[in-house]
Amino acid sequence: MFYHDNKLQYTVRVDTPDPRFARLLQQAIGGVEGEIRVMLQYLFQAWGNRGPTKYRDMLLETGTEEIGHVEMLATAVALNLEGAPASLQEQAATTNPIVGAIMGGMDPRQYLSAGMAALASDANGVPFDGSHVYASGNIAADMYSNVTAEATGRALACRLFELTDDPGMKDMLRFLIARDTMHQQQWLAVIEELGGHKGVLPIPNSFPDSEQVQDVAYDFFATGIEGVEPPAGRFT
Amino acid sequence: MFYHDNKLQYTVRVDTPDPRFARLLQQAIGGVEGEIRVMLQYLFQAWGNRGPTKYRDMLLETGTEEIGHVEMLATAVALNLEGAPASLQEQAATTNPIVGAIMGGMDPRQYLSAGMAALASDANGVPFDGSHVYASGNIAADMYSNVTAEATGRALACRLFELTDDPGMKDMLRFLIARDTMHQQQWLAVIEELGGHKGVLPIPNSFPDSEQVQDVAYDFFATGIEGVEPPAGRFT
Amino acid sequence: MFYHDNKLQYTVRVDTPDPRFARLLQQAIGGVEGEIRVMLQYLFQAWGNRGPTKYRDMLLETGTEEIGHVEMLATAVALNLEGAPASLQEQAATTNPIVGAIMGGMDPRQYLSAGMAALASDANGVPFDGSHVYASGNIAADMYSNVTAEATGRALACRLFELTDDPGMKDMLRFLIARDTMHQQQWLAVIEELGGHKGVLPIPNSFPDSEQVQDVAYDFFATGIEGVEPPAGRFT
Amino acid sequence: MFYHDNKLQYTVRVDTPDPRFARLLQQAIGGVEGEIRVMLQYLFQAWGNRGPTKYRDMLLETGTEEIGHVEMLATAVALNLEGAPASLQEQAATTNPIVGAIMGGMDPRQYLSAGMAALASDANGVPFDGSHVYASGNIAADMYSNVTAEATGRALACRLFELTDDPGMKDMLRFLIARDTMHQQQWLAVIEELGGHKGVLPIPNSFPDSEQVQDVAYDFFATGIEGVEPPAGRFT
Amino acid sequence: MFYHDNKLQYTVRVDTPDPRFARLLQQAIGGVEGEIRVMLQYLFQAWGNRGPTKYRDMLLETGTEEIGHVEMLATAVALNLEGAPASLQEQAATTNPIVGAIMGGMDPRQYLSAGMAALASDANGVPFDGSHVYASGNIAADMYSNVTAEATGRALACRLFELTDDPGMKDMLRFLIARDTMHQQQWLAVIEELGGHKGVLPIPNSFPDSEQVQDVAYDFFATGIEGVEPPAGRFT
Amino acid sequence: MFYHDNKLQYTVRVDTPDPRFARLLQQAIGGVEGEIRVMLQYLFQAWGNRGPTKYRDMLLETGTEEIGHVEMLATAVALNLEGAPASLQEQAATTNPIVGAIMGGMDPRQYLSAGMAALASDANGVPFDGSHVYASGNIAADMYSNVTAEATGRALACRLFELTDDPGMKDMLRFLIARDTMHQQQWLAVIEELGGHKGVLPIPNSFPDSEQVQDVAYDFFATGIEGVEPPAGRFT
């Protein structure tokens, strides 16, 4: 069961509202690397978990934290949409600040559909899609999936960090980036507890080795035609 | 910011697991009338709210409650998937209980993709779609939208109630149906506070009456060709 | 069965074509608050109706009217795409007017996919999605759904009205806004005929009160942790 | 502008309701080969048309006819859902006829979401998707697209014909199949008017031949590696 | 089975990178008229084919060619994203070239989600959707579908050609346009082999004429009300 | 550039066609864990790659291999749809074998839309969705994403293995499962080459540690309210 208070997990401050950045932040809310996805992913993994209680508990702890990240980002979007800055207005050669903001790169639906607020969509306005909630019922597969979600999520947050000069927004992103660092560690720590990468592989490890076509289970297959050298490395 | 404990808001008990019912429950999780939708809808309405604090607070209270409803239903799905009942097995004329369950109407992805757990999808396996998160920035429009969500949600829950004989499932649905009753009242109470239906109409009421083509603003338009009598009623 | 003539329901005139506005109008065509949605919603409600004939007839009358609104808006898009205005061209510092228009905020697919015409998509290019056609089989739920559709639709039309200075476009929107006013009244009038808000609640009212967990059916549940005051109002 | 009367374009009669067939009919309503698609496709082609008036007029005539086909099919779905036939009930070994119907292959959302009526979705419950509304702004491309829609639509209708023994349903399909025959002819007749297949090719024919890499414009490219004989035919 | 080498089918060269054009090219990659669609469409038609081997072989040959077209376009996107041109930077009045490029019309996800590379999406960021892979099991219907895909694909390529001044991009498009010319011929040649348009119609031609309502199979139906003249032409 | 021959990568044989299994196989074709996804994912990662050539080459080799896996599975679907087995027919108490097969759990669109062939969709008929093609531009993030794809893909293949008794299908799956084993190793080997898990973390490692809020970068945050013990483990 869930509870809330009226605080944000970390300060969200916007020094100079920027409706263009409000659009970019949408990727971190409703995008495939975003916070709605990890929130639902960890919660569904917890709710479907049949293994040791501690993993279920851990997933619930962190899934709940992620709801607060959606909250921080939705708040950041609303703050970035407070008025349309003069610079955009001038550039757009129009007297209507919202028209100017849309021409300058704002998501039109943040105004048309939401009256200047965040949407459950990505930076191109594509709605959040529940098929990205990966909860496979295999704890090792889920942990790799979670590492991936946090790795692409952190890459996204670092890119957003580069695209703003706003001190408030940079501060918020420094926090979210740090949490993504922790969460990457956290899911990998579970893999270590489960025996490490070698120990969990191949996933699922319940399938008997003798049942797979063993002589193709550790071979790199080259598909190049003549003249193409297969690459060399540990992976071949 | 959000918190959790390890309790469910109300007991979830399944006396006789039924994988077919596990599929039907998906509609209440990831369907357009489902709990993920109201959870996100109330939270996004709260986070985008620029009006009186009390509505923001109320939306946050109830949005948080709805997370717990997703949790109850996801738990109910997992319990219904515990083993495949003998009856289905026999009916399917197969010795593999999961094959039997799929033939009997189970969602195959609950096994194939989730290893016997809930998905963020509807009863046909269509993933939850964030475009159903209505948060228009207009408090009156949002309240009607919330009444609609609870009305279709309660209709869904009552239909699910009819489709199961399981005492545990019936008990859980009795609770969810009651909460939907309350939530319908709750959103309509806000409309009353705002001046009642007459008071808030037309939505948005900030648009000056004189700007609309006044002589078509209160006329019923018949589109029937000759021989078609327009219906009579208060609405014409 | 359906018929047509070669008139529009109301004049559609564009004084100064604006490809940016052509993009914004897409929300009113293929968006979740748009005219394709209400057209299909009222028609499907009519076709699935098992109640008194007059509601079926009414839904058919208005559903048919909405087809004409899609037509008006699609026409408005085409007119706004006639040539790309000089102002955009200059701003874009390019000699190709379409490149200029796309840089200035035009939907690129209106040219790339449709050769300068309307799409069955929203203002972000997301295709119309049939899951927004709500027809629940419960007349009261459907009426609230219809009020919501007209309320968010009118909010959208009023926002579009603000975003254009074109006298022709403003005139067309004045008409559509007025029709949305009427349609809000119309669906609420049905609720009054059915007994008023108190009379129809809870929806569905066929479910026996005694079957729901009665003591939570009229209680506001607070989910705040210590230090959070639940809001006070009629809704609690 | 559009009008309606209270007749169907052709009788819709169901002798023995079959909820399974109600699911299959959904493909002809909201599927990629279905009637919502052709309805919107012909109307959007008409509304975006900048060529000779007669093609616009023709598209409007037939687009309007297609609305009536959606109506026929939605009516057919509702009739097939009237009660659940005894045979299904018995087969399902359950006393609840709707549970029996769902187990027997009915679309669960026709009951759960629509209260026993048609949805704007396909036979797998996937909602109608506006990206299938092809209106390219090129009349020849659109005519081939329309032929394709009617060819796949007629193939679908013929397959539905095979899957039912109900005399009423067979009769309705005989009519719809005949209309698809006509519509295939109709769109090809436009191509003939435009100069025939040779005359319109390559589409678009406004692009100067000299601008394309002429020596690959009429060559079949084989991508088979050694040992693979390219097929021989008029197409190579 | 499939093979590759490290060459492109035709040179891809970008003289002046243009992130705006990188967005427009997405339509040709992941759009409904794009190369992922034809690649999968021809391959699925081949794999499902039960007719003469030569058509299966031909579909496989050309489906394989199309994979190389996706490759060319994805390469073109990456090259157009190499740095952000000074002109955009200045126009955007910002010192951050990526911010400038996004304001100037770049797809933000090409940076945020892909780190400056192509996505499997269209020009509005809508992901590729497998429902556009038409493979109906009827060879004649499929051939019309393929002609349509190549006709709309060539229209798209010609429009892209108009929207760029880059000599490298124009050269690449000249090649792709030529291949679309050939592929239009190719699919029509199959129809000729099958008996020509008259020979294959109505599709499917396995359905007995006597089973359809013959007297409406060759009639144009007018849906105009009084005052509307039905258009005259070969199609009526 | 790509090439093909007329062989399958491994024998595909179906001893007893089973239309129900044809539906389940769809998950491995067009599902989120399926082969279209990995095919496009590895190819897009290759085409967007700006790092050492060998990783680009490796991705191209394996991406090409995956096209052949889609081919194998599409072939397996077609073979499973050859006729409808007598057992299903009897069970369905119908003389029409396709009706029987659909009642028994076949995907209706495999017949209605594809004439007994594979679709580019998942086991619930949801079309393949390009947003699952993860290619982030960060090689380490992409490798974790690829491990996840192969881990969930192998879990899916093992589950399919359990659900069939057909010796031919079991044999094909033994091969695909073995390839998934190899591919898991392969992507992890790249991570080892890049410095191992510790070496690549946090992803992206180009973001300066000093810029993140360092004191929350390695802390487990508990969100439980009083009475909830945070779980203990390496991850906290």
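Letters A, B, C, D, E and F name the chains as they come in the text, with residue numbers starting at 1 for each one.
We take it that contacts are C-beta pairs under 8 Å (C-beta built on N, C-alpha and C of every residue); 3 or more make two chains touch, one makes a residue touch a chain.
On a predicted model such as this, the values are computed, not experimentally measured, just so you know.
Under the contact definition stated at the top, the chains bordering both chain E and chain F are A, D.
Chain pair with the larger contact count among B-C and C-D is B-C, by C-beta pairs in contact. Here the C-alpha atoms of chain C line up with those of chain F after a rotation of 180°, rounded in steps of 5.
In this assembly, the chain whose C-alpha centre lies farthest from chain C is F. Averaged C-alpha coordinates put the centre of chain D at 20 Å from the centre of chain E. Inter-chain centre distance (chain A to chain B, centres taken as mean C-alpha positions): 26 Å.
Chain centres here are Cα averages; for chain B and chain F they lie 31 Å apart. Counting partner chains per residue, chain F shows two or more touched chains at residues 2-6, 32-33, 57, 60-61, 64-65, 68, 113, 115, 121, 124-127, 129, 131, 136-138, 152, 155, 223-225.
In terms of inter-chain touching, the protein chains here follow a pattern that is not a line, ring, star or complete graph. Of all possible chain pairings, those that touch are A-B, A-C, A-E, A-F, B-C, B-D, B-F, C-D, C-E, D-E, D-F, E-F. Note for the complex: chain F touches chain A at residues 3, 10, 32-33, 53-55, 57-58, 60-62, 64-65, 68, 126, 129, 131-132, 134, 136-138, 140-141, 144-145, 147-148, 150-152, 154-155, 158, 161, 174-175, 177-182, 184-190, 192-193, 197, 201-204, 206-207, 211-214, 216-225, 229-236. Residues 20, 23-24, 27, 31-33, 87, 91, 104-105, 122-126, 152, 155-156, 159-160, 162-163, 165, 223-225, 227-228 of chain B are the ones touching chain D in the complex.
Every residue of chain D that touches chain B in the complex is listed here, in rising order: 2-6, 93, 96, 98-99, 102-103, 107-109, 111-113, 115, 121, 124-127. Residue ranges of chain C in contact with chain D, taken from their complex: 1-9, 30, 36, 40, 43-44, 47-48, 50, 57, 60-61, 64-65, 67-68, 70-71, 74-75, 78, 113-121, 127-131, 133, 135-138.
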